[in-house]
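Labels run A, B, C and D following the written order; every chain starts at residue 1.
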Amino acid sequence: MKRKILLNINDEDYEVEIDPNRLLVDVIREDIGLTGTKKGCEIGVCGACTVLMDGKLVSSCLMLAIYAAGKKITTIEGLFKNGELHPLQKAFLDYGSFQCGFCTPGMVLASKAILEENPHPTEHEIREGLNGNLCRCTGYAKVVEAIQAVAGK
Amino acid sequence: MLIEEKFTVKAPREKVWAFLMNPNASGPCVPGCEKIEVLDDKTYRVTVKVKIAFVSLAFNMMVKISEMNPPSHLETLATGEESGMASNIKAKNVLDLISLSEFETEVSYRSEVSLFGKLGTMGQSVVKGKAKQLGREFAEAVRDRLEVSA
Amino acid sequence: MISGFELLEPKSVKEACSMLSKYGDQAKVIAGGLSLLLFMREKLYRPKYLVSIMGIKGLDYIKYDEKNGLRIGALTTHRTIENSKTIKEKFPVMAETFHKVGSMRIRNVGTIGGNLCHADPRLDPPPTLLALDAKVKVVGPKGNRTIKLEDFFVNYYETVLKPDEILTEVRVPGSPPKTGGAYIRFSTKTNDDTPAVELAAVVTLDSKKEVLENVKIGLGALAPTAIRAKKTEVFLKGKKFKADILEEASRIVSQEVDPIGDLRGSEEYKKEMVGVMLKRGVKMAYEKAGR
Amino acid sequence: MQEFSVIGKRLPKVEGYDKVTGMATYVADIKLPHMLYGKVLRSPIPHGKILHVDTEKAKKVPGVKAVLTGEDTPKIKWGAFIDDMHVLAFDNVRFVGDEVAAVAAVDESAAEEAIDLIKVDYEELPTLFDVFEAMKSDAPKIHEKGNVALHQKFVKGDFEGGMKEAAYVFEEDFTTPIVWHAYLETMGAIATYSLSGKLSIWLSTQTLFMARQRIARALGMRIADIRLIQPSVGGGFGGKSCDEPTAMICGLLAKKTGRPVRLINTREEEFQASRPRVAANIHLKMGFRKDGTIAFKDARTVNDNGAYSAKAPATTGVTLTRIDTLYRFKNIRGEAILVYTNKVPTGAFRGFGNPPMHFAVEQMMDMAAKEIGLDPTEIRLRNATQVGDVSIHGWRVNSCALSDSIRKAAELMNWKEERAHKKAHQGLGMGCFIHVSGKRHFGNYDGSSAVVKVNEDGKLTIFSGEGEIGQGAFTVLSQIAAEELGVPAKDVEINVGDTDTSTYCHGAYASRLTYIAGNAVKAAVADAKRQLFKMASEMLEAIPEDLVSKDAKIFVKGDPSKALTVSEVARACLYREGGFPVIGRGTWDPPSELQTKDTRDGNTSGAYSFGTQMCKVEVDPETGKVKVLSFIAAHDSGKVINPMLAEGQIEGALQQGIGYALCEEMVFEDGKVMNPNFADYKILSADDMPEKIKIHFVETCVEPTGPFGAKGLGEPGLVATSPAIANAICDAVGVRIKGLPMTPEKILKAIKEKNKAAR
């Protein structure tokens, strides 16, 4: 039985009518059309579908959309505010922290969560925090550099 | 996936053989065995229900005796499907009875099990582990029946 | 795709239980849902009803007092436990263990109750909670019962919970002085890989810090459920901490387990590794207890 | 040395803004009006004859618009090198994952439901999973022609003499597994079919035009009736070369329904049925003279083709011979056999067939060094290929800084010191490599072409069909164009790959783009520049030869005061009687040759890259687990166009190479992949990677034929990685691991055997 729920994504309200078996990643991508959130593994291990829910990192591929009702969701599209890149987005550009770009939305959001919890992390803490956000292109070195650069500021 | 087990029964080899050869007697020892149809002296149709926690599986199997050397050696080929999971199963089984003494027999079996379809990828260790357990339950059941009535 | 189901959202444990008794086999409790959704996406499980307990207030808490020890609400996330000051201070080994669960994303969503009820023998928390003598509080239509965690797991993904029962609280008794704990998650591939061996050791020393007054060992990934290594514990109990003792103990623990050869290593390798990890785990716990 | 304004600068990627903001559009992000969702039914068994396919139930599912079986396909055999694949199987299935039927429906759940309702009856056929079993003359046949897909043999130089000269001889077997690309974006396509007869496909591919040719072949269509467009591609690493039928199936569904169809593989489908790295079984024998120089090499490799031939026939030749130009081999014997099995077909993966033989030879170099009493760096220096060499296969080495790379790596690693004072269970290891910059193979053409439009606003638009898959091609080509015309890189744009508008290009493989496409773009810009200079010379009343362009201005050499902007000149070309738009065209085919079939002679590439990798590891003697502590990569890639992106290429390759060395492997049981997901097939996370990684580019020897001296660098990063780690493990605990991956269990077993032997 379909249900009407209200999703708050990037500070905008979206009313969607969905079945309980719908996953958050599919509703965000297919119903709302925010395709920055990617589907990589569909079992919660690759991090491509990472979004922030009430400020916390979650895998939207392992989350019933209904669970997101009434929560504040941030996707990669939400980081670009009034014409300005988020400092992490800027750093990812300047340090070449991505190649194919498919893991990048999740990687940027994970980096954001790491810094919000710990503004001055050690390299080890950064790498541990990125654990489970898979990238096959960069070897992570330049992702770590970008995060360190932002933390250093 | 290879499953090998060994167990001993306090009963003479002929008796164990006869028991195992009689599907209506030994069938119920197979954990989850729901029904056995004897199609001919070499082929049975068997329905086995296995439950892994909240995942319940029902296998419809055809068992063919491919080689028999009474009272010590038996080879069977079991093929079947789990319709709910769109999965197929195939098992080559070899059973050997070694008489340890007049009153004791060692039963050893070796199954090469191939699982295809969804079940095939359900986590090797879980399926293997479950098979191991079922084998032990089977051994228990056989012992109970034969040793009690012995 | 996940096959369709009805989502029921009770507001109280009582209501949840009655829903469960009403629908029996057709229904299952869902909390964070991480593990359950994996089974459902594989179509290994197609429930008609899911009873979400996420909307039930008051199941997310961490309480501690000397008398009752630690009490954790079933819906407390791994992340909350990992970061709890109380737990870091009173049960550091628990904080370490929960820090190792999955990724930050998993820890933000997964709950301690859901983790235990899923009863996958390869999850992190059970070995440590076993070694800490944890109990779980279970509520059903016929009232409550408390179950020792070591009696809770039955088989792969199976617990003693009845279909209409719900785990509401995890209890951990306070540790005596001179107690130290360690958790080792040994994986053969990447750090975040499903472990080949999980070992938790909790050691209590005598007043002179010489004798292993009490040793408790929890193991994971080595049997159809997480287990206590009772024989090994009995052997070590009352002995002095010495290399040759540990050697003997590692032989004993290798015989106590019944692992399955899989992608993470052969049966033999896992048996040998649990021995190695025992030596390391007990040593770490011993050193912490001595501080 | 030449002064550059754009070349050698650490510029961000040109498509970067879209990627960091989530705006980049990958094929799965595209949604067309009235679009249907496709799904594929795959064989659950490794080998069988299709007796009957019942699609009745599936067709009745509400929302299902088409159900295709092999009978609905043209039944044309196709393949990259050997035509042995069908779009959908109609006779036999040959591996678990073989495509049997396909569905298009209004939503994914309807498509999935329909797939589950298709009933296929198979007659099971005997299976073969082991190459040596499959090679036997009496083995059941997987294909009519037999199970040997390819067999090459040669003897070169004075092989017998070399054997006599050898003072030290080593002989070992090495094995490498099937490993998977693990690009984060799974493959997929969206196809639309217009009744005019044109099939348009947005495809996640790295070889746009070759994909179009294959699709046309397999579907029996005219190439001209197919248009391919390349959206953002989420990594390729060789896997997205249209060697499997996703695009064809999607196209057929669109044709059948007359509606747009989107077909995206699930991760599990990718593991089951994409085209992973070929597995090699290598028998290697090498002889050395007293001074450490190589007297002879005798190599045999038996490679696992899987059920069909994708790129494996080419990778297998590479496994056997590419390394023969790393050192000064004079006397060699080689044999390569490619064998069909009932496993997933194997194909191209970064490094092509090169890494397996490097794993073998580079370990044997260390074995020899130890025996002869030479430092591992020294034995390599004594054999290293040098500039001007013509190798045993006739490869002409125009540039080579291999020796410099060895010395540089040793310096950065502090090799001698570290080796002398390493802690217990720690070890250092090294490996050298050679790789190509392009490989002449298709139609005796390995060139590239480009068109560049200089707009009246002074901006450049490049049209090239080579494509961007994350590797940085667009950025590097922009920098080359900007440097050539003397404008800032931001004034250059590249259009997305589109067979209707782009020039013909082979695409991204064999590390060919910087070197080959770079030269083509450079030539195209030079052509446009000529047109601009001709006009400017009239405006400045000077002769074109005296003109220079810099900072987007054109002026007479030495007199920047009277300068015209590029846009002024471009506008002047246009706004006049009989005016013309400035359009430059350029093409470039490298100085390379097709290789002979068996002896594999001929200068296969126009330029060769070399390099040395060194690492420090620590081995846990009780568990066998390896921790890579630090990694040094000193590479000769000629002049580096964009150091930041180049470093990224090597750092990323190391993640794949360390995984290849220590934990990556597709595990098969009864032909079925047992780890078809990222939970069981583990690739390294950030905290699995060594924190200390140093990438250095040895620019002591630029490539004379390369654009501004550049050559290829995409693939080489992982070629020498696994032997470097193997050698470090041996240095740490004294055991040689000859099979990848070098798992803790293998290493521990070897340590025990060594200790037993010692007792």
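Rule of thumb we're sticking to: a residue touches a chain if its C-beta (ideal position, glycine included) is under 8 Å from a C-beta of that chain, and two chains touch if they have at least 3 such contacts.
If you're wondering where the values come from, they're calculated on a predicted model, not measured in any experiment.
Listing every chain that touches chain C and chain D alike gives A, B. Highest inter-chain contact count (C-beta pairs) belongs to A-D. With centres taken as mean Cα positions, chain D sits 29 Å from chain A.
Note on chain placement: the centre of chain B and the centre of chain D lie 49 Å apart, centres being C-alpha means.
Averaged Cα coordinates give chain B a centre that lies 34 Å from the centre of chain C. Rounded to whole angstrom, the centroid-to-centroid distance between chain A and chain B, based on C-alpha atoms, equals 50 Å. With touch defined as above, residues shared between interfaces to two or more other chains in chain D number as follows: 674, 677, 679, 683, 685, 687.
Among the residues of chain B, those touching two or more other chains are numbered 121, 124.
Shared interface positions of chain C, defined as residues touching 2 or more other chains, are 1, 191-192, 263. Contacting chain pairs in the structure are A-C, A-D, B-C, B-D, C-D. Within the complex formed with chain B, the residues of chain D that make contact are 44-45, 96, 116, 268, 669-670, 672-674, 676-677.
Those residues of chain A lying in contact with chain C across their complex are 1, 19-21, 23, 42-45, 47, 50, 53, 56-59, 62-64, 66-67, 110, 113, 129, 131-133. Those residues of chain A whose C-beta lies close enough to touch chain D in the complex are 29-30, 33-43, 45-46, 48, 75-77, 79-80, 85, 89-90, 92-96, 98-105, 108, 123-124, 126-128, 130-144. By the touch criterion stated above, chain C contacts chain A in their complex at residues 1-7, 33-34, 37-38, 41, 50, 52, 54, 79, 102-106, 108-109, 191-192. The part of chain B that touches chain D in the complex is made up of residues 1, 86-88, 114, 116-117, 120-121, 124.
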